[in-house]
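Both of the next two complexes hold chain A, though its partner changes from chain B to chain C.
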Partner chain A sequence: MYSRLSLSWITSSWAIGLLLVFPVIAIIYQGLQPAGDLFQHLMDTVMWDYIHNTVLLILGVGVLSFMMAIPAAWFMAMCDIPGRKYLQWALMLPLAMPAYIVAGIYTELLDFAGPVQSVLRDVFGWQTARDYWFPNIRSLGGAIVIIASVLFPYLYLLARTSFLEQSVTLMQSAQLLGKTPLQAFCRISLPLARPAIAVGLSLIAMETLADFATVNFFAVNTLTRAVFDTWQGYGSLHAAAKISTLMLVVVVMLLALERFSRRKQKVFQKNMGQERAHLLLMKPWQQWLAALFCWSLVTLGFIFPFSMLVYFATQYFTDSWTAEFIEFSLNTFFIAGVVAVLACIIAILVGLFRRLHMQRGSDIPARLSSMGYAVPGTVLAIGILIPFGWLDHSLNDLVEHFGGQGPGLLFSGTMLALIAGYLVRFTAIAVGAVESSINKIPPSLDMVSRTLGHSPVKMVRKVHIPLISKGCFTAVLLVFIESMKELPAALILRPFNFETLATYVYQFVSDEMIEHGALAAIVIILVGLVPLIILSRSIERH
Partner chain B sequence: MKKSFILASVVLSSVLASASSWAAKEEVNVYSYRQSFLIEPIMAKFTEETGVKVNIVFAKDGLIERLEREGKLSPADLVLTTDISRSVELVEKDLVQPVQSEALEGNIPAQYRDPADQWFALTTRVRNVYSSKDRLGKQPELNYEDLADAKFKGKICTRSGKHPYNVALISSMIVANGEAETKKWLEGVKANLARKPQGNDRDQVKAIKEGFCDVSLGNNYYLGKMLNDEKQVAWANAVEINFPNQANRGTHVNISGVSLTKFAPNKDNAVKLMEFLSDDTAQKIYAEVNFEYPVKPGVAVSELVSSWGEFKSDTIPLAEIAKQRPVALKLLDEVKFDL
Partner chain C sequence: MSALVISNVHCSYNGLDILSDMSVTLEENEILCLLGSSGCGKTTLLKAIAGLLPLKSGEVMINGKVVNKTGFHLPPEQRKIGMIFQDYALFPHMTVMDNVVFGIDELPKKEQQQRAKQVLDLVNLSELSERYPHQLSGGQQQRVAIARALAYQPDLMLLDEPFSNIDSQVRLKLIAEIRQILKKAGVSAVFVTHSKEEAFAFADKLAVLDQGKIVQVGTPDQLYLRPATRFVADFLGGGNYLPATVIDEHHVNTPLGRVCSTVAHHKSDATSYDIFIRPQQISLTANDTGAGVVSDVQFLGASSKVYVKLAQQEFECQVAQHFTAQQAVDLAVMPHELILFDKQSA
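The block that comes next holds the complex of A and B.
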């Protein structure tokens, strides 16, 4: 009954899916080219170490993020803890922090010369590094803590939205049946939130897999580093693309597993946005403990690193405050905004296509448009340049064939390349967020709407869009922030004389002069906060 | 759908507008592996003298690949590199063209240009060994080979072995001592490392100051940079700078270079800029601001650099060193130097 979608919807869904996956295909194609015995050499020597480190990093970040985000999300959704009003948006703040900046700051703090070790030395009378043991922040463990402390809000946001959409009556029933809050959490909230948690964790896993700046700074050798070394060091795009292809296979398997684990589970709830008059009751000391837990997360991922940045910025203010700032900020804001809106539109298009076009394979466009998320930015940039370069060359050849003057690099030399790169990379985030919203709309609503004689398009406008607006907000927000922070692709794809704030800050961080880039870093973070505030207001209102 | 169409056309037109804005008149486009804050003062001088605008894309990685993809449509005129292997890579991938210029030939001695005139060095930089002032003192007798000696067990710090500066050093050792000997040397150095290779050259000097290690590898100009930084001057004061292998083949020296791209659309201006970069004004800035060794004979090094004294530099041709790069990388993987 749903299958009468207009032809233009069907074709545009597939076209978008295919367009967004094209750079990935270009990379896989490169990976299938022979790379001589280089790949075998890598397998014989270092590859297993890289794989080992990557697996440990992803598992570590996943487990730690879960331990941070799930309790926090549940406290915020279900309990009345002190400072709840502030905490529920404060817990999103770490999302605005680029991981490599946080890494730079904690290195300043926990390094030998940093304040922590200096105080320890003063207190205990130690002289040099050989007199005592102190955990090294530049390690796998350090990378896990830093990455988890800025990525956990993904899971927090999705889990909290899911908890909020759970009917309070379920909790009340559990309490009436004599269950403790913890039991209610484990046996009702957690299983109901499983789809959202799965989406959140897979987002975090893919972000971690693609991270380059942080692991590079901490000298943790992961697969992104392997791709990079192979491409830059050995100069072999083929071998680098082979490794990227392997990473891609892992991601596809992860996603398939995630989908398989919830294949038969469809969770529908009524009473969305119901009044939340009755929160779970906790003892006062439990409440304070919960609040302490949440605030320490905010401090770790935001308050502390941000204060350090403010301190640096005031120290080096005269060096940093230049006219370029407004330009870089506008560049960044513009690009991130365009990408966020486009990604959300795409997510709605392919997400609803999957729901309404009830035929085998209707979820393929959504899966295709998410593939680029797994590709490290540096490699993705090449994946963009291959088709765009081809387009440019064909266009110029065509124009010149007819005796005209070619327009030059219309696609690959302009902002279009950057926008395309970000879209390929971040549409997955929007698709995930929008899809988990769409999945929660009971099919009965569709049936009612169709029975009332609505066309599919009208049904989407009147029924679906209003119900998924919260998910769309989340999508726009997440993509906006990610685009603002994106670094490696921007470094390669940006046009002449064009800096984003991230590329500008990175110059300084990579040279261990984070102090000089502090002001620009603060701008990235503050601009990133605006959508966070809008989002938290909108959640508040609903 | 209508809205998204309007949005898309707004985006497209603004993109096109920005595209046409750099199709202006007198300008030259530079892909730079060198950090922009260093070269900007030099470029500003060039614009001041000639009226030619310089557009720069700076990136540590990926510029050659971008150039390759853009092919004959590339807007880039010049590529600035930070070591010999990138310059040679440009030639090997057929992305650059020879430049016949009397000014360049006059300014740059023959050993610092490609015999086929496809790359030109603008500065030279030395791969020094830094040693702890307190614990080791000056090491005038030191050879790179000694770093594998058991007496340095747990005392050496370095950045990633795969960084181009280290790869070039290792390549030069392969040329001097052969592959098998160099592999043994790398194993010895790895066994002597105080910690996993990490950070940049400055971090290793900092680590010496803090007592993690006694010796480190680092380029010469970092010491100058650190001495002029309020925070880092204390690190710099904790170390001595040493020029290894003075009794034999000499200290390893690398270059920063420039090449003219194959399809340079602003060729005349680009050659003008190349000549400017090799001439007194620019060479002086390289020497004074960045503490590098200018290639043009007669341009003085900075006072600080000259206080380190004269030294003998390794005369292995740079092209030979660049040729050993794949072997050096292979050895680094085999001994798992960074892992």
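The block that comes next holds the complex of A and C.
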């Protein structure tokens, strides 16, 4: 239904959309400028190495996640393995683990001074590292294993849903036509789930591309590291923007793959909603083996690292529970709270604009404000620094021109930059949550309230807002949590001497003193569990 | 040799008995229909035959080969069964041809093509072999499913509510077509339905199921003319129940007067029974002083369903003549093979 909205609503919706997409435009603009000396130098020397490693990392994580997630999804969807009820949500838990924390813990465990190698040395009487071979966890391979072990649930969830949505009769038909369950899986289930698997893999690839903390800790030279180093090491925003453009190209490609696969997904799906408990009759030992496989994934990505953290937290409690810890927690809560509320307000504004304005292009502000989500945090931070730096310089120049003392870095060196960065990155989540609850309001309600004599604004206040309050709550919660966890953008954008919980924990991880950051790490993980609970609830409801 | 022998089959799910003590036999090239209302266990039995569900006890034999007995369960892929599902279960990512050869892909290419052509000709779909399932109509999809099953040369064909997704206008035509295809291919088949019209049109033999038990097995006309229980009588088409007292081998007394049987009924004299009278066995004559009053008329085309009220009871009659509501009529029961049930203990 078409409603005439006040000019201020229309302009503010568009303004917000454009503001939120500005960092992306800024990067592309910078990226298209002719290459400077530094960038050329990097291209001539290390750049190919960085690109090569990034590609290997993404491919490795993809393949390993596939090997972890697909069998797990298949077991969970098709057979009645022991402990299925618990596994169903336990397999999601690794998603709550930031990869760099897991990396820190396994490094503690597996590096030369760690307990595993020490015991081996004691048992076999080896003296130095030259006496034996042990895989180096701080390597590309180590990064692949760590990142895959926390990201595989994306693929697991999507593949499992896809398997469940496939009509049971297809599998039964294949079996009756003489195919073993494994053959039926390869020829029917897997091809039918291909779009979902592609979506899952592209999500994983995007997250892997965006990872900075793990690769930096493991000293694997990837593009995120290149961006970070050119900015922090060489101070060249221009070269950083150029590398960022390169990453944006990859993001766009992955996004295209994701969109394309999602569209294909719709063609096939029909589910008769039948019983599937007996679909795959397995012998008891096979069932236990399947269960063991699933539990070992959960252990690798969650149970073991989390229990280690709990152990560290109790052992080093006095070292962890410090004034710093409390201060940084409050910092984090404050920033995350501000960002969450702002994101939600923006989401309501652009979401209702789309609903009420009902003209061609009225969904553009919402789409624009969601663009930042796919952009890796490191890249996004550069995108924020470009306009903010320019503003600071202009402002200082202006003040000094009139003979005053420049105010310093008002924009780029303050919390403003951090909040802006988080907003660009996470408004998409709020827009998604609010939009889906707006879409649930039947259009007939709008028609009824309008014919009963309510103006659009009154209708929004009396009908829409009460009905979307739950969606708004979810939006605030999810943005809050994501902001709490965000690391790479915070590392670049935070004001001097300002720490969030994530940067605080990361300090300890980098210094290989994760014991002292265990308490903060636990807070981050527990908070990260909340969206998983929401997710699993919504999955169960469907 | 029987195509299918089911003996004393028990099946339970979540501790609940779905099937108990089921036994039925199917001869070669015969079509058996499992008829019953939803939830009676007919689809469960079908899946048990296919090996898609485990049995609790009992034995299943297909073409002389035991596929289920205590402690033994042949996996479905080794049973040589063709199954047609309610949703046809065509593989959406494969063409009609790929679907049809799915079960015979171990054969040499040439033989695959040959057999596929043969079955596609049989179901009249040769021109559509490169189409994808979503490009076909419901009836065509079903014929692909049948072709796919036939190409596999199954020992037994199972059909799960195969006609429920077909428009009622073309359903009977399709049933005749598919019956012919099965007969031509010479396969024995079991099919499941809740519709007696489909059962009558499609099956050689009927098994009526109620609450996980087989109530009666026989040819459609046997079951219709000589139902063993009230449930079977009602399920195969409703009718009127009246008290009846036996006079002799061929006659009973009812509130509608004396009713004559065309065959001896072998019930003991002077005992009371309930007689079951189908609507078409009552004749109506217009009579201003008649004891019955027409309460409603449903026009069916070739005949009309007329509801007549007489002494507190409403009778359902199906007659060729036309009556109007409130008309007074006389009722009479035509001589036929009587259906007498023991008095129901209240």
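By our rule, the second predicted complex is superposed on the first by the 316 of 542 C-alpha atoms of A that agree within 3 Å, B and C clash if a C-alpha of one lies under 4 Å from a C-alpha of the other, contacts with A are read in each partner's own complex, and residues count from 1 in each chain.
Just so we're on the same page, contacts are C-beta pairs under 8 Å (C-beta built on N, C-alpha and C of every residue); 3 or more make two chains touch, one makes a residue touch a chain.
Note that the structure is predicted; figures quoted are calculated from it, not measured.
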{"item": "More chain A residues in contact - chain B or chain C", "value": "B"}
{"item": "First, second, both or neither for A:Q232, with chain B first and chain C second", "value": "first"}
{"item": "First (chain B), second (chain C), both or neither touched by A:F218", "value": "first"}
{"item": "Partner chain in contact with A:N396 - chain B first, chain C second, else both or neither", "value": "first"}
{"item": "Touching partner for A:I303 - first (chain B), second (chain C), both, neither", "value": "neither"}
{"item": "Which of chain B and chain C A:P191 touches, first, second, both or neither", "value": "second"}
{"item": "Chain B versus chain C as contact partner of A:L289, first or second or both or neither", "value": "neither"}
{"item": "Touching partner for A:L176 - first (chain B), second (chain C), both, neither", "value": "second"}
{"item": "Partner chain(s) touched by A:V463 [first = chain B, second = chain C, both, neither]", "value": "neither"}
{"item": "Residues of chain A touching chain C in the complex", "value": "167, 169-170, 172-181, 187-188, 191-192, 267-268, 270, 272, 275, 278, 281"}
{"item": "Residues on chain B engaged by chain A in the complex (per definition of touch)", "value": "4, 7-8, 11-12, 14-16, 18-19, 22-23, 29, 35-37, 55-63, 65-66, 69-71, 73-75, 89, 160, 162, 167, 195-200, 202-203, 206-207, 210-212, 326, 329-330, 333-334, 336, 338-339"}
{"item": "Complex contact set, residues of chain A against chain B", "value": "41-42, 45-46, 49, 112-113, 127-130, 136, 138, 218-219, 221, 228-229, 231-235, 237, 338, 341-342, 345, 378, 381-382, 385-386, 389, 392-393, 396, 406, 408-410, 412-416, 419, 491-492, 494-497, 507, 510-512"}
{"item": "For the chain C and chain A complex, residues of the former touching the latter", "value": "13, 50, 52-54, 73, 75-83, 85-89, 91-93, 102-103, 134, 148-149, 152"}
